[in-house]
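Read the structure below first, then the notes.
Chains: A, B, C, D and E, in written order; residue numbering restarts at 1 for each.
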Amino acid sequence: MSAGVETSPGVARDAGPTAEEPVLEVRNLSVDYGFGGDPTHVLREVSLTLRRGEVLGLAGESGCGKSTLAYAATRLLPPPGLITGGEVWLRGRDGERADLLALSDAELRAARWRDIAIVFQGAMSSLNPVFRVEKQLIDGILAHRPRMGRAEARERAAELLRLVGISADRLRAYPHQLSGGMRQRVMIAMALALEPQVLIMDEPTTALDVVMQRQILEQVMELRERLGFSVVLITHDVSLLVEVADRIAVMYAGEIVETAPARDVYQRPRHPYSAGLLGSFPPLHGPRRELAGIPGAPPDLSQREPGCPFAARCPHVMDVCRTELPVLGRTAAAESGRLVACHLHTSLPAGEKLPDLVAR
Amino acid sequence: ACSGGGGGSATQAGGGQTLTVGMPNGVQTENHSPFATGSSALSLGYAFAIYEPLMMRNQARPSEEPKPWLADSVEWNEDFTEAVITPHEGVTWSDGEEFTADDIAFSIQLRKDFEALNTGALPYDTIETDGSTVTVTFTAGQFVNQSKLYDLVMVPEHIWADVEDPTTDTNPDPVGTGPYTLETWTPQAATVVARDDYWGGKPAVPEIRYSSYNDNNALTTALTTGEAQWGWTFIADFENVYIAQDPEHYHQYAAGGLGIDVLYLNNETKPFDDKAFRQALNMVIDRTELVDVATSGVNPALTSVTGLPLPAGEEFLSADYADQEYAVDVEGARALLEDAGYTWDGDALVDPDGEKVTFELVNPAGWNDYLTALDLIKNSAAELGATATVNPVNQDGWFADVIPGGDFQATLHWTDGGATPWDMYSDIMDGAHYKKLGEPATWNFGRFQNDDATKALADYAAAPDDATRTAALETVQKVFVEEVPGIAIWTRPATAQYSTQNYVGWPSEEDPYNQPQPTGVQAAQILMNLEPAEG
Amino acid sequence: MRFLLRRIVFYALTAWAAITINFFIPRMLPGDPVTALLGRMQGRIDSNAEHSLRVLFGLDQDTSMWQQYLDYWGLLLRGDLGLSFTHFPTPVADIVSQSLPWTVGLVGVATIIAFVIGSLIGTFLGWRRGTWADGLLPVATFFQAVPYFWLGLITIAVLSVNLGWFPSSGSYDRGLVPAVSGEFIGSVVYYGFLPALTVVLSSVAGWVLGMRNMMVTVSSEDYVTVAHAKGLPERQVMLGYAARNAVLPQVSSFALSLGFVVGGTLIMEMVFSYQGIGYTLYQAVSTHDYPLMQGCFLVITLSVLVANMVADLAYTLLDPRTRTEDR
Amino acid sequence: MSTSTPVLAAHGLTKHFRAGGGRVSGRSPARAIHAVDGVDLELHRGQVLAVVGESGSGKSTVARLLAGLIPITGGQVLLDGAEARLRGRRAFRAYVRRVQMIFQDPFASLNPVHPVRYTLTRALRLHRRQSSGGTLRGAELEAALTELLERVHLTPATRYVDKFPHELSGGQRQRIAIARALAADPEVLLADEPVSMLDVSIRLGILNLLADLRDRLGIAVLYITHDIASARYFADRTTVLYAGQVMETGDSESVTQEPLHPYTRLLIASAPDPDDLAGTGAAAVREQGTGGEPPSLVDPPPGCRFAPRCPYATDLCRGETPELIEVTPGRSAACWGYSEREGRPDVGRVSTDSANVGGEAGA
Amino acid sequence: MKNQLLFLRNGKVITGLVILGFFTLLALVGPWLSPYDPNQVSDALLSPPSATHWLGTDHTGRDILSQIIVGARGVLVVGLVAGVSATVVGVLVGVTAGFVGGIGDESLSALSNMFLVIPQLPLIILIAAQLPSAGGLTVALVIGATGWAWGARVLRAQTLSLRKRDFVEAARANGERTWRLVLAEVLPNLTAVIASGFVGTVTFAVLSQVTLSFIGITPVSDWNWGTILFWAQNNLALQRGAWWWFVPAGACIALLGMALTLVNFGIDEIVNPRLRSTGLHARSLRRRGIRPRVGFTPVVREVRS
């Protein structure tokens, strides 16, 4: 398992303007739920690259495995989750690359938070209700910087809170004394405590209303600019992603079906599912348009059929779709920075004009 | 006396070993009163190492003359309405004061003044002292109650005269004439130590610890492990469980008195309202088996058809029945029933009215030996074709309702001992105790009515001369044997376990100088009889 | 602090109810202490003396139940629990104060030990669920289901009678007089070991199971995952985050389980001839010693109440959410 | 604007919850959560009224008040212009026959232990009579069941009737919930965030279904959401709620495209907008500078409840509560900025839609 | 409801149910199965297990196996009756308190807390000892009357959370009557909780009854396992080395209790799915050498072939 790097199909070296060396590289990650005779194969050989300073949006409908991907990459998936294959290469602040899945427990523990921090989907419940905010901020810092004094750590905690716009006197508060938005921000402050390379945010704002959501995301983006970490932002709200992310990866049924720069995805979705997703939410501005939606329901992950998982719902379905699983690859047009897993595009002879899927 | 002192370890004082007496009486509270029922002194028995009686009866041989103890003599008049008590000279209280006739008079007066203290219910009339003797008169003849007077323990007037209410006083600093004084007291154990100035000489056992155990099992364990060396509790299979642990030293002695256990039969309800059936049942009960199985052979079996325990009752035995012994006779019993008009339907016995004979045997749950006996009696009844069932009932209910009200068909109960068989027979069949069914009776729970017997019992108690008494007792025994008012089951002996490891001189089969239990007035005698074991 | 206020009202109410139940139950039901007493004496008291006993115990006067209830309260408020029938004329208060410390001491220590050990094992099992540690569960269920007295008696038979390692009965060497001395305290510990051991053995399983379940629930809470994600040392996650929160429901059921514990005590004291309040109660019940019965039951209930209050307080200290509940 | 009597209307609807969970019979009556304060609403046949507002603004409370599930503190609910009678079981049942509610969460609003058949049969039996007059049963019931499922596009009906909720997808569950509401043949549907728990792709199906019901059956729909874009798409009229009070109301298109009230503007600016290439939305939010949180409902600020967060707020705003002011026909806003009062704030005209800047809103 | 029966796949539950079924069978047909009349005295006094007496005899030669077989009924009947009565009261109080809320809830939960705090066994002893004839049924009812509080408490909490659930509200919005809301909407969702409370109470009742019999508070005439131990203890079975008199009855009690606890495990796992998902496959995991861990997802590369 040498670092014979760029063989994975998920890595596109020639990506757009933010092209830099990847900080996080997920390769062929597979995850099962259930240990028994018939496990659910939730993730199938998922690959993903996150570059330095980039905001990568992970979109897809509920249950397609976005959270699973985030948790599995850090080995935080609770039982009965089981990682059945793949590698997760992380380049630490010191420049060392390491496969998180191959690290010993102690090494992994050391890497967590220092290099990769997560804000969870249920960030509201991510704070231990019986400890003061201060303690929870500090113990993460002290666990990694044992030589730092308590007072110094406390100083740092106050600073972190100010960073996310909460006055330092709330350090002495218990989580239940904070509003939902404040708790969320405390979590973000906590995640940034050690200035990690990668910040994974799993639907950090679904429980909040739009005003709060906007505020928090603004803040994160601003901090990213200041501190230079990369963000994986998970949500199924595509319009949000299009607005804030640099690149978007669209997941469907445990697979990444398309990755491309955010604008490209929005304007020219190449995968029929991406197109369906984009055609499902009404625009707030601009002309009212007919909304197409996606008929049917996502497949049952525990009973995978051969072929493209989207085949049953796809308006462009072809015979090959039902028998052969499309792999993530360049489109025939070889668009820069775009990978798609769809026979419609990948099986076309090179140079052929790609079908336009956009309903608008 | 509770000087606390050195705190006491297991072995101290004069090289002699501490003697541990065990009682299964549960948690104790500090109360050294020799009067209050339930006081720790009475419950554990150390009261009897501190306080002594007037005369020492041999309860193992009730007919023996009582020995002088605190009284040199007790003289009764002809009709037993007056007793003249002469105190022993040279007795001192443990606080040094001298024991006098006034103390005796005072002690008896206490019983008269406070009904609650008169547990023997003696009908005191006058109590007078003339300096050297005390004369007590009664409102009725006390022939049968002599022993109750002898057993009265004496308390010092100079202390108790100041006690406001002797019925409730806890007697924090007990002063008695006995060989021991109280040393320490804890809820688990009371320790008494020997007096140097005891009138009977210095006791051989320097220290006695009266330990309280929560129940029979705990005490049994303590006795078998040697933790306690003297006590009494029913040990099933005592041969194996107790004696076999140390056959050389462990002993159990059952001193038969005149008390027995009786299967009370309800003479006023079916089927025991029929003499024939009572007789028949009496004939089929196997008393040897009962004793062996139910009491592990502890209680001596009754042999005389008069129900009198032998040898204690030897001299009261009516000549008519001198040689007649109980014997199982199923055939005879069946014949007897047949004569009385009983028939059999298959195996089942049918009475002359044409009803099947069934009855219920009750006793409190948990009274192990009794219940086991009932089970065996049930089997015996089955040999006659009668269907019996054993119904263990709530103990308190049994005491409160079943027994006094006569709400049973047959039940086991004891009789008092006493110095003569009068108590025993009176308890079973005295018409003087008769109460209608449902009204509480104090004795004669079976509601037996026989004028001859009632009169004979009255005569016996009041008779001035032995001849009258003998005649009366003969009548009583005749009625008992012929009418079968209740079925005598076994002797109810006073049993105790003791170890000869450290001390010898205990009452035993060979030397039955008294009954062997530690709780009772005999304790003083036993303690004074103990000697260190050799080696 | 509304929370505590409410609890206090509740405690007052419960105390009142306990006192009232306590008064009525023995009186509403049939049975008579004198006959019971006579029975206990088995012929040692002449039956003619029965009447004198009635006079003594004040059972012959016919005062109304209500009057008795009022009198009862009057006495209670003066700290007077009456005189015991069977240990006549010892005040019930004396008997109770003589036996209560033993029970509280032994049971308190044993229960706390059981709670601590059980919670620790449960923490471990819950944390390591799905491993060999799960094999301990059936053992735990077995011990949870064993009748206490059976366990106690077998322990006595083996450890005390056969091996002779421990005394089989009593709360300290019978030759000793209670004093603050090394010898006496040593003796108390030595004598208390076996009873405590059985109490711990039979109650530890409940805590193990409860704690394990709570651990399983809590360790999949987000904040535990966050603790992992923060890279905290495993011990800190397990004890500081998971166990710290999982123990909260345990504490509140600890309080409520004290009632059960006391029930177990009663049997323990009977089996080990321990001089505690449970056995005293049992004795009182079987002799219809109303005042003693009432006294014991009352004191037991009140001790459980007090223990509950302590546990409540501990809970409030442990869980900040209750402290500010309705501020 | 339709001039017909609204089928369901609320005037000055008010709901105060007791603070602290309301379980303690405490002596502190002053502490109340002003969840809804003087809300006016009108629901017309064949129209959808959207109620938007951030979390905790009282949307659900309004719905539950209208459904008669919680007692009203103040104001009136008018059914067909007459005061609705909710007291007593008969009256209540008659009321719910006409006004039905759909709950936010399709995963929670169906009892997991009952199959679809039970859920729907109960609703049918409660509200429909057999043609002969008795309780609905037998073939007629079966037919009604099938018809109901078909109405929510769950065909063939037989495939669904015997399923348990956990065997259905979220969208299917929500359809069952809607079918249950339709069983009563209601005139009003109160849909409390009917799609917020659902996936983007399923959302649309449900919204289309509701629109279809409105058009086909002429049902009046109250559509509660905090997704303002869907209000624009789906509702005829939109009412904006903030801290229990109506901030603005008007036809959906103009409310979303030319918001009058500063709060509505904030809401719209905050909504993610992929077409907003220039990031004007974000800029607008930054410009509005509206940090801070919604006001405490226990002690609502005097005056306009949005004043503490409003960049334009003046002393007037902070001191006096503005009434709804009709700005243009059919559009009103509760903002002093549109009044003629002394010291009114200058709310200007902030439009977030660059394409639509020309639209005028009389100030 | 396949999901609800899922717990049957659990080894623990199956073990529990098998043991329980065995004892139930004994309780039903025991008197016909028992080789002897348990009261039948014989000559074989206190004999160790033998071909004629598989579990030996007691001090009067009664067959202990027969006593255990016949005694099963007493134990189970009391457990059942106490369990049922306590559960009924618990459900009534708990669900009512949880559903009505307000002052009714306050007083009902105060009541049940009170019953929780008052020490139960002493109270039972107090009551049982006073009753003129405390037969098995009486004891069961007393246990039931004092043992409902725990269940009520749990049920109240559950009902409280259920009452606020949308589906109850939805049914109400549909015009359902209150009693129907309770019976048809709330109660069915509580079955697992009720069942687990029931099993718990039965366990407690069995242990209480056995204890009461053992200390002789209740009649020892009806055979149950506590009665056997009562006789054994009173006749110094342990001191006499008669283990066959003491051990089997105690083991039966423990086994029964264990079976009930195991069944309860299964029910618990329905109530708390987290317990289930982990418990279910633990063994198959171990076989594959995987240790499921919190916080460190196992990585098993070779699995997918």
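Heads up, the rule we're going with is that a residue touches a chain if its C-beta (ideal position, glycine included) is under 8 Å from a C-beta of that chain, and two chains touch if they have at least 3 such contacts.
Everything quoted here is computed from the prediction, not taken from an experiment.
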Task: Identify the chains adjacent to both chain C and chain D in the sense defined at the top.
output: A, E
- prompt: Count the touching C-beta pairs: is D-E or A-E ahead?
  reply: D-E
- prompt: Based on CA centres, what chain would you say lies at the far end from chain A?
  reply: B
Whole-Å separation of chain centres (CA-atom averages), chain A against chain C: 55
Field: Interchain centroid distance [CA atoms averaged], chain B/chain C, Å
entry: 39
Query: Using the average of all C-alpha atoms in each chain as its centre, how far is it in Å between chain B and chain E?
result: 47
Message: Report the inter-centroid distance (CA atoms only) between chain B and chain D in whole Å.
response: 91
Query: Which positions in chain A touch two or more other chains at once?
result: 76, 78-79, 105, 108
- prompt: What residues in chain E touch two or more of the other chains?
  reply: 129, 131-132, 233, 239, 278, 285, 292, 294-296
Field: For chain C, residues contacting two or more additional chains
entry: 30-31, 130, 156, 161, 220, 225, 227-228, 234, 270, 286
Statement: Within the complex, chain C is touched by chain E residues 12, 110, 113-114, 116-123, 125-127, 129-132, 150, 203, 207, 210-211, 214-215, 217, 226, 229, 233, 238-239, 246, 250, 253-258, 260-262, 265, 268, 272, 274-275, 278-279, 282, 285-286, 291-292, 294-296
Statement: Contacts from chain D onto chain E in the complex sit at residues 23, 25, 64, 67-69, 89, 92-93, 96-97, 100-101, 103-105, 108-114, 122-123, 126-127, 164, 166, 177, 180, 183-184
- prompt: What residues on chain D touch chain A, complex-wise?
  reply: 54-55, 169-171, 199-205, 208, 226, 228-230, 232-234, 253, 256-257, 266-276, 279, 281-282, 285-286, 290-291, 293, 352-353, 355-356
Field: Partner chain C, residues of chain B touching it in the complex
entry: 4, 7-10, 18, 20, 26-31, 36-40, 115-121, 167-170, 184, 186-189, 191, 209, 211, 213-215, 218, 221-222, 224-225, 227, 259, 395-401, 404, 414, 416-417, 442-443
- request: Would you mind writing out the residues of chain E in touch with chain B in their complex?
  value: 39, 41, 45-46, 59-61, 129, 131-134, 216, 218-221, 230-231, 233-236, 239-240
